[in-house]
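When the chains are written out, they are named A, B, C and D in that same order, and each has its own residue count from 1.
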């Protein structure tokens, strides 16, 4: 693996490194950790990389690695930069024969995401998108329950993603995470909606298989001086007739990272919270509620395939990245061995990326339309 | 107290009786418990009432009681009938000199509520509306915190009221609670919105003092054969610029009675859940979270005035009715003694009733408008 | 009902009044609320009693009421005094033909409790002991599950009752609750063990039907100047071979009233917490966990018989007293009507009182024995 | 790092590998993964090790690695075998110049642990013991609070470790984890007490700095055919006068891995649960309760030094091992660089190992003594 972005001061780069290394299947062999060569070099040193494989730009890395003999050169790139670099870096990697793991959202805008799909399809290479929250065992279990019909027909879906870290103008303090996430040039047309709203949208679509058909959005910038939405409330209609709500925010004072979802069907309702990720509650009116827990009792094959510890030994955030990297490495290996990848070891790809970018653009379009109630979800 | 409605098979009548009797300040002396005289009589017997004061209709009760000597006749009526009887019964009671406690929502429609206010004002009598959920000590504490500025400027409000008891056509089975609550002639223009949505709206307005200025509603009837909404999702704008979400439902499979509210301000965020009513969580980004509990540590005078037990001895639903009845009886006593009522012992009245009826009508209007996004909140 | 003790400044008297009046089946007609006649009188006035039936002593009350005609005089006494008055008041009431409801623990010591049983048996009257915590619906459900064999053979029982209100010498401040509960002359041989440990012991014996056969106790007085234990840890052996732990404390800083119990059997384990009383968790290794909730789904007849509200409308502490008083009144009525009382409407009596007093004495004996490990549980 | 034990079918070996690799500071370079050379070889292959450094025994590994040039040979061994191999493997590694990380409990018995300390002291090498649960950030915070005096004088300590996986004779099914953990020859004198009770004991001593002075233990074998205790209840006295309870069990049906601790002092009480590890509750009688959370607000340097993610991104079990390995690697590096290790980056060593072995032996001695109540804690 070669990493693009992820210098020492970044947050998500270290997460990708830990996730990719957890299972001992992937080795970090090179990197272009920063557009600042000094920073890239310092990061490479801290990671004990061979200095000759620490590059000053991703372009350099891709070209130089390509010249290395097969078996020695990196097999794929991991892109962990701000959003605006996703597309050019992924494009160049794919066009030079490298598979790609990319942080979400896929690209800077929908057009790029569609173009990226064309490039991927043409390349025949593997592309993984780290919508990590669907990597939790209990999210896998929720999906398996929906697939098995345990919820009956789905009627109502509430998905929330409140955070509170941007209650004031953190970006003015030089805090790196806040800096680019609030800058349209680097993060795209939306703030909270792009950064966390897409996770919420992806989570629902992953579990239920439903698609949004129309929506009505109300976005707000609460903090003076901020350029992009820090709060959003959205009414949703799904393609089976279900109704939904999605809200996400970065100004919910004191909230940490409370992604959560409730899905109600004719037979049962389920709820799951990212901050208590090894618990899935299943409720029914007539038979009461069950607590489904990671590695307790009989669970779906999909849930078990993403569980590492015995019951009660908490698995958390880093394992969700590990699950994507592990599954991606299994897909690579299957390809090398000429086998079919096992669908139980799933991971998000460009289709999810396109839907996420479309979500952002449709939400922003709806929010900017103060007259018409419903905005058709267009891709 | 004389009760109108509340025969043995009703749910809310028994709640009012228990709440009114809990503190030993109020005595049930007469009743017209049903429009069916046999049922009324049977209820009166079960309640050990003097048979001569068990009436076949509220009209009879009001007129007969009025003829009794002062000190012997009932002091006030408690109206616990389906909604369509609220207005005529309250009107007749007031016009004959009896104070009124009335279940919510205030009336069948907004026009009646406004007219009722005129009648109340003219009568000079006391009218209490049993929006009971604001009677919990921790709701009082939340209001006191907002009033003291502990939350700073309020930015976002999420209020939810999911239930699951109407996931199928319960009203077709003869179940009495479902029967009238789904019948427009007896409950008004809305189903879930009127029955429980008004509690949610009232809870927010009580705690924050904010008013809705415009809204965008999406109501649904999920169960075939049902006549009124069993689910609603609403975007809200408040008069200080805060944004909000309200959703309520009676088809959230497995949910019991999960009224809950989260309010986020510039200084802190709070959350409260009716099903864990003695806990109020206060969160801040920079100083972490506190658990505020009924009768633990230093609390507001308002919270303490509505607490009966030492810490950790759960107070629940019946106490919320008791708080309204107790405060109403204190207001009556203050009047008799020519004193000012102490504002700490507050209870909802016709103003809250009017706002609740306006909420229903504005929501239904918005839901029926599939074109325009925002509906001004009009009273 | 005539009340003995329970003046305005007492805690438990008001609880008994509210509990007894909640269902409208019992009327407070007289009282000897304090050994101080002025206080008794003031309490009677505040409760709107006929002054002629507010007495200066329980002896006076019993004798005067006895002279009133049947149908007019009180039917039973409710004894809510400090412990040392329980026995003489109950004895006199019974010997003069009045049934008795008595707060726990039954008496000042085991000898009194045994004598009281003899008196009750001789009188043929009804005696109820307000071990109220077994009145919760989910405790009834737990008992029903054990009775049905759902837990299999019981192996381990952990019961806890931590409180924190006596972390310092509150009794020196004149606080009335602390005052008599820490005075051996009025509360008996134990402090925390008598006041709350007996609730814990009773809760386990009620749910499981098991009896303690031997125990090993470690009692402590943590607060200087205190005369009785404010903390206790006890190892227990039960008559079926189960092992147990009981600990109770009044110096667990910040704990409110956290009575809780966990019972593990060969087939399942259950847990219940008084501060979240409407929830019962049932766990199994192989089939995961269930959340059993008051009035949700199919519950035992016993649980349903002690439930007043629909699901999700919290029932709490006052209802546990109401359940004992309601059941006691049903037993009285059954007797008057010459019928058998329905065993579903159960309440604790003198047998539980004797076991509670024996528990106190055995624990104190064990705690005072620093040599021998196991103390046989003797009655 | 060279690993001793930890073949593919083992549980704890994979945990150590993941934990040691999470931060990219440690590389697994060799291993003797099983006493069965075929299994060892297969494990080495699966881990992509150089076959020449996959050994058939730890003796072979230690001797062969010693011959490799410095910089190439392993720096330390990680011992993840059943208990009976800990001592000989650690001894040989130390005597041949290799530092040691060892799973807990330290050895098969107390005598071995003491001898191991002598060997370590003589070698001047570093020894880490993976009592991993003290590696959680909120356990670090709890310790920091105690050290800062925030709890005042500690009075009462309750520590629990219930599991339910051994409710029947799992060891008879060939399940590898159960197999050796219930065999005295491989795990030592105690079952549950050694496997999990030592974690509970270590957790309390780590947070509070207190030592047990005497104890009274009740151990049970509930499952027919089992050779060692599967349940234990223990009364404890600490060296400051605090009283405690420790219970642990592997027959608590449905419990997963519920290590938890409550510590009550004169100023505050705290509680922490391993299954919700990023939350620490601090309670006071007079000022209510606080929720302290990983990476929220102002925390101790020690807690922050063991935190990898932003608030609300759950850190779990694997991070606790990573913390020990990371700190161990920092200590190694400090030594190589001739610096003092920073005490904030602490990890358990042989002192904790000796105390743990002494705990086991004292508990077993007390349990076997049915006459004397208190057993002095001897080392």
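In this text, a residue touches a chain if its C-beta (ideal position, glycine included) is under 8 Å from a C-beta of that chain, and two chains touch if they have at least 3 such contacts.
The structure presented is a predicted model; accordingly, all values stated were derived computationally and were not measured.
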{"item": "Result of counting contacting C-beta pairs for B-C and A-B, higher pair", "value": "A-B"}
{"item": "Most distant chain from chain D, judged by the mean position of its C-alpha atoms", "value": "B"}
{"item": "Chain centre separation in whole Å, for chain C relative to chain A (CA means)", "value": "55"}
{"item": "Intercentroid distance (Cα basis), chain C paired with chain B, Å", "value": "35"}
{"item": "Centre-to-centre distance between chain B and chain A (centres being mean Cα positions), rounded to whole Å", "value": "43"}
{"item": "For chain D, residues contacting two or more additional chains", "value": "165, 255, 284-285, 288-289, 293, 296"}
{"item": "Chain contact graph, described as a line, ring, star, complete graph or other shape", "value": "complete"}
{"item": "Of chain A, residues touching chain D in the complex", "value": "11, 14-15, 17-18, 21-24, 28, 47-48, 163, 165, 255-258, 274-277, 293, 296, 308-319"}
{"item": "Residues of chain B that touch chain A when the two form their complex", "value": "155-156, 158, 160, 162, 164-165, 167, 216, 218, 220, 222, 231, 233, 235, 243-245, 247, 249, 251-255, 262, 264-269, 282-285, 288-289, 369-374"}
{"item": "Interfacial residue positions of chain A with respect to chain C in the complex", "value": "281, 284-293, 296-298"}
